[in-house]
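What follows is chain A paired twice: with chain B in the first complex and chain C in the second.
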Partner chain A sequence: MDRLTEIVKKAETLAFDLHFTAARAWKQSGDHRVLVGYLPIYVPREIIHASNGLPVGIMGAGDRKQIIKGDAYYQSYICHLPRGIIEMALDDNLNDMDGFLFPAICDCIRNLSGMFKLSSKGKFQRYFDYPQNFDPAIGGIFYRQEMEKILADIRAINGQEANVEKLNHAIGLYNRNRELIEMIYSIRQEYPWRLSGLDTYYILRAGITIPVEEHNAMLEEVVDLIGEERGEPMDNIRVVITGSFCEQPPTGLIKSIEMAGCYIVDDDFMLGSRWIQGKINNTSKDPLEALCDAYLNQSTFSSAYYDVGNPKGKRLVELVKSRNADGVIFSAASFCDPALLDRPLMQKECDDSGIPHINFQYHENTGQFKVIKEQAGTFSDSIKLWV
Partner chain B sequence: MKSENSGKQSHGSSDSSTVKTMGIDVGSNFIKLVLMDYSDKPVLLDKHTEKIRKRNPTQVADEMIRSMLDKHGMDFEDVAYLASTGEGDLVRRKRGHFYGMTTHSRGANFMAPESRTVVDMGALYVRAIKISQDSKVVDYKMTGQCASGSGQFVENISRYLGLSIEEVGDVSLTSSQPEVSSGICAVLAETDVINMVSRGIQTPDIIKGIHISIANRIIKLLSSLKAESPIFLSGGMALNKGMAQALDEQLVETGKKFIISTHPDAIYAGAMGAALWGGYRHFKLLEKKAVSI
Partner chain C sequence: MADLKDAIKEKSMNLQKEMLAKQFHDLSQANETGKKVVYTFVPGNLTELILSFDMLPVYPEINALQSGMRKKSADYIKDAEKMGFSEDVCTYVKCDIGMMLNGNIGPTGEKLPSPDLLLLSYTGCFTFMKWFENLERLYPGVPVAMLHTPYQEEGKIAQEQVDYMVKQLKEEVIPKMEQVSGKKFDPQRLSGMLENSARAEDLLVKVLESAKNVPTPIDAYFAGVYYIGPIFTAFRGTAEAVNYYHELWEEVQERMRRGLGPVTPEGELKEQKYRLVMEGPPNWTNFREFWKIFYDMGAVIVASSYTKVGGVYDLGFRHDPKEPLESLSRYCMGCYTNMNLPQRVGLLEKYVKEYKADGFLINSIKSCNSFSAGQLMIMREIEQRSGVPVGFLESDLVDPRYFSYANIKNRLESYFQMLEQRKIILRQEGVIA
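And then the complex of A and B:
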């Protein structure tokens, strides 16, 4: 087994370990350590790191857990992610988490935060809201207060103060993390056959279950390995996948799209790890302000993100052009209101720019991909042969 | 029935006299491989079919490719484009993959350029595809989840009755009183067949009955697709004489005026389509490269 295969295999194990073994081991190997579970999409992980905490991404149970109790908590017209997560909580998979953050995405996640509160899961359960006003004097102050609440929550558990030095150190580590991830995407843009979209997904998803220092080491190695030629180029089309930012697609879906003749040159699967575009100032005397400033001015786009002044459709078109992609696959979880309500507007932007697109929906535990493979296959053929 | 080699896509003025392409169609039971000369008038140079049996399809495909290249004194590098279709992810070293409907349409267009509908009768399903003059897929319908309208089903039944798949067509032609089975569900149809055997129904009548039920299913597909003639039969079952006769008879019985044809190489429609599209892509990529330089 070559080194890259070993890394990918390890990443896959970490990414889908519903018992978070690595995170629990980290907590047990030191004093005053806390685990903070967070849901999609984005939380400023730097402040958790600076408080001697490990942010642990909880992306759902996927197709690795049978949902029995979770179905009693949500109606049939609600997406699959929250029922999988409540099932994990009720099955004690999340017992080692000291607290939970529920970023504002939609009502389902808001309700899930209430369920965790009522079930007394963790020592704190915080619905983490984001500014919708991008004036630093308004939205910036609001966002800072939201972050200060989290710092206080963690401090109440372990008594650790996130001082300027620790915050700047954490910001530096996550800057490097995003930089390495972007390096992987840049290499894949030129040479997508060197690392499959699915392997990339494993590597990114592993990163939300382990300390950032370990993930950075893994990413450094991957960047080195795919910097060299490997694999064989194929006559595939290049696609951007969008709409999968919250409930994650089953790995079979990603594999099916690739097998159908598509190179995935960009996606929003693990968007939280790529949320801030570029570096955050890590030499500031006020690191919280630097984090606020980054959120207000350097955020990527997503259907769960309110930004009237910078329309998502246009940003999607820009992304397609910058990645030199042939088309867009709108792939959203069933009943995902943010993604599905935004879809027509984004499709219109694609139409206006002459960018071909297809769409489909999935559940995180979808097991049949024949139809999706057919759709992606015919999409690929139509671009290769008729565009 | 036509076997004219035409319907080639335009690819500019590049010298294509030595361009060889291969198409490989990995099905559930058989792997079909063709070698083509993608010159100004594409020509089929060689073809080979191999039953997978219980072997690793990837290895079978590798061996078939190697053997065909050796036969023609070629190296792998002499192939401008190896294109797969069907379960093509099992094929190593391919340059591109095309979806089954795209390749069957192109293959049918190559063998019978006037075709406006293709019926791909494969091992696991039957698919009716409406195509344009230049073999673009316009619409399609396929049999549902049940395999009762498929080649695999016919093969299973023939095995129960002690026949080889090669004998089925001729045996069907000798039937005098066909006994029609369920055309909806393979399990029910198999139960029907067991029942027929116990009632002493003759083997040719059982087989013919199966062919009739599949023919009726195909006619329903064609009607719901609003298929246009001529209709080209491709895939493994296309060469089954009993199947063809049952289809002709059922068309008369149902009053449908479809014109149906096939070709001795109909089983290679997918592989040929892959090789032809591979050639087209080869030149398109060369053109792109030239533009970017």
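And then the complex of A and C:
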């Protein structure tokens, strides 16, 4: 097995380990360590790291766990992600988590925070409200207070103070993490055959289950390996996938799109890990302010972020152009209000810019991809024919 | 389908009809009279602030539910779906956008004016943000004022959350209102209106709490949304609203004196066999049929959560003229859908006890995650804590494809049988007379 294949295999195992073995091992190997489970999309992981915590991404059970109890908590017209998470909570998969963060992306996740509160799962269950006002003196202060609450939650468990030095150190580590991820996307933009979209997904998703230091080491290696030529270019079209930021598409869906002749040159599968665009100041005397600035001024476009004044459709079009993509695949979880309510606006922007697009809906445990593969294949053929 | 005759109406119902007709007429004349129009939402609405600038509020959810009641929503929804909106998403949004695509004709048949300001009071419902992002593109150039209402994450309102909202009001909302209306903010005028609000709120709470009586003189769900609540949102802060609630309270007291039950479109509900607490919004496309099923079975709703999306006044909140902006902020944060799940459960449990309910029902709405996500857990909690039989219905707000009369009737019949059984047992055990 070559080294890259080895890394991808390991990443796949980590990414879909619903028992979070690596995170639990990390916790056991030191004092005052805490695990903080967070749901999609974004939390400032730096503050958890600086508090001697490990932020652990909980992206749902996907197609790796049969959902029985979770279905009894949700009506059929609610997306799949929360029922998988409830199943995991009831099956003790999350028992080693000390606390949970529920970012403000939709009413399902918001109410799920209340369900965790009602069942007293973890030592804290915090809804993490994103300000939708971007004035530093208003939304910035609010965001800072939200972060301070998390710091207090962790401190109450382990007594650890996240001082300036620790915060700046953590910011530096996550800056490097995002930088390496962007390097992978840049290389793939030029040479998408060197690392498939699915393998990229495994590598990124592994990162939310292990310490950032380990993930950075993994990414460094991947950047080196794909810096060299490997694989064979194919006559594929280049697509951007959008709308899959929360409930994750089944891996079969990603595979089917690629097999149908599409290079995925950008996507929002692991949007939380790529949320902040560029570096955050890691030499500030007030690192929390640096994190606030980053949220207010460097956030990517997202369905969770009020976009009047900087419309996400336009930003999607810019992304498509900068990635030199041929088209967009709108791929959203069924019943995902944030993604689906944004779709018409974003499609219109694509139409206005002459960017072809198609759309799919999925559940994280969808098992049939024939239709999707056919649609993606037709999409790819039509672009090859006409563009 | 149920056979429906002409609806029976009380004086207050006619009064509210006149007030709403005038409101929609004023709106249709806004271009001529030069009045500025603000689109905003019911939960966390800033009606007094809007009125203090002499602007007129429009509530898209109310238009959507009216379209549902007038059987227009199905076509509107289809038109929005043709535009690319998924079948899965909120039908209020699709109905509203469909109505706009079809000329924006309001419930009285008159055209509604386009907005001069979109006031996005982002309270308790994530979809509101998406809805107005969409409207912003459909009404290019119309300013949007965002008022982000923090969630009651910790089950209480913290002072720093109030400060955050007051700052937004001062720096974002009021300047935009001044700019659009061409008028200076007048805090005294606002305070005067808040005084009226508090008076109307006192009366509204009396009306709602009259349902603690056995028999209850009102239905706190169907009637609550049909004629008790709507005036509240659109007219809060005005002398007309205070008058209306005086009138209504008189009427309710009279019913109590005479031992009368609630007025329903089918007539007075004479025999009140079952007292229920209801969680979740109603269905609007088949509103009267839905209500009639309860009427036919002698069931009355004594308390409901949906009547609290515009404010949970029975927990004590009143608009405070002495602290106008703070109290508007506290009002927004206090709305039902901005309460966390443990708070909601606590409130519903209190209703079951204080209103001496025989059962607890949920009408789960396909469109509305803010209500629906977590309702099955709420149901279990209420069952465990209160011991009353619980029931679960499913329908939609304004999409008639998701209202199955036969299915709902069957479920309710079984549920009422269960309540009956329980009554027999309780009687045998001497718990009830």
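What we mean here is this: the second predicted complex is superposed on the first by the 387 of 387 C-alpha atoms of A that agree within 3 Å, B and C clash if a C-alpha of one lies under 4 Å from a C-alpha of the other, contacts with A are read in each partner's own complex, and residues count from 1 in each chain.
Basically, contacts are C-beta pairs under 8 Å (C-beta built on N, C-alpha and C of every residue); 3 or more make two chains touch, one makes a residue touch a chain.
Keep in mind that what you see is a predicted model, and the values were worked out from it rather than measured.
Using the contact criterion defined above for the overlaid structures, shared-chain residue A:Met259 touches chain B, although it does not reach chain C. By the touch criterion defined above, A:Met1 lies against neither chain B nor chain C after alignment on the C-alpha atoms of chain A. By the touch criterion defined above, A:Leu345 reaches chain C but does not reach chain B.
Touch criterion met: A:Cys108 reaches chain C, while chain B stays clear of it. Legend: residue contacts after superposition of the two complexes on their common chain; A:Phe335 is shown touching chain C, with no touch to chain B. Between chain B and chain C, more residues of chain A are touched by C.
Using the contact criterion defined above for the overlaid structures, shared-chain residue A:Asn236 touches chain B, although it does not reach chain C. By the touch criterion defined above, A:Lys384 reaches chain B but does not reach chain C. In the complex of the two chains, the chain C residues touching chain A come out as 83-86, 88-90, 93, 120, 122, 125-127, 129-134, 136-137, 144, 146, 148, 150-151, 153, 160, 164, 167-168, 171-172, 340-342, 344-345, 364, 366, 369-370, 372-377, 381, 394. Across the complex, chain B meets chain A through its residues 9, 81, 89, 93-99, 101-102, 136-137, 277, 280-281, 284-285. For chain A in complex with chain C, the touching residues are 72-75, 77-78, 82, 104-108, 110-115, 117-118, 126-127, 129, 131-133, 135, 137-139, 141-142, 145, 303, 306-308, 311, 332, 334-338, 340-345, 347-348, 361. The residues of chain A lying in touch with chain B in their complex are 232, 234-236, 259-261, 374, 377-378, 380-381, 384-386.
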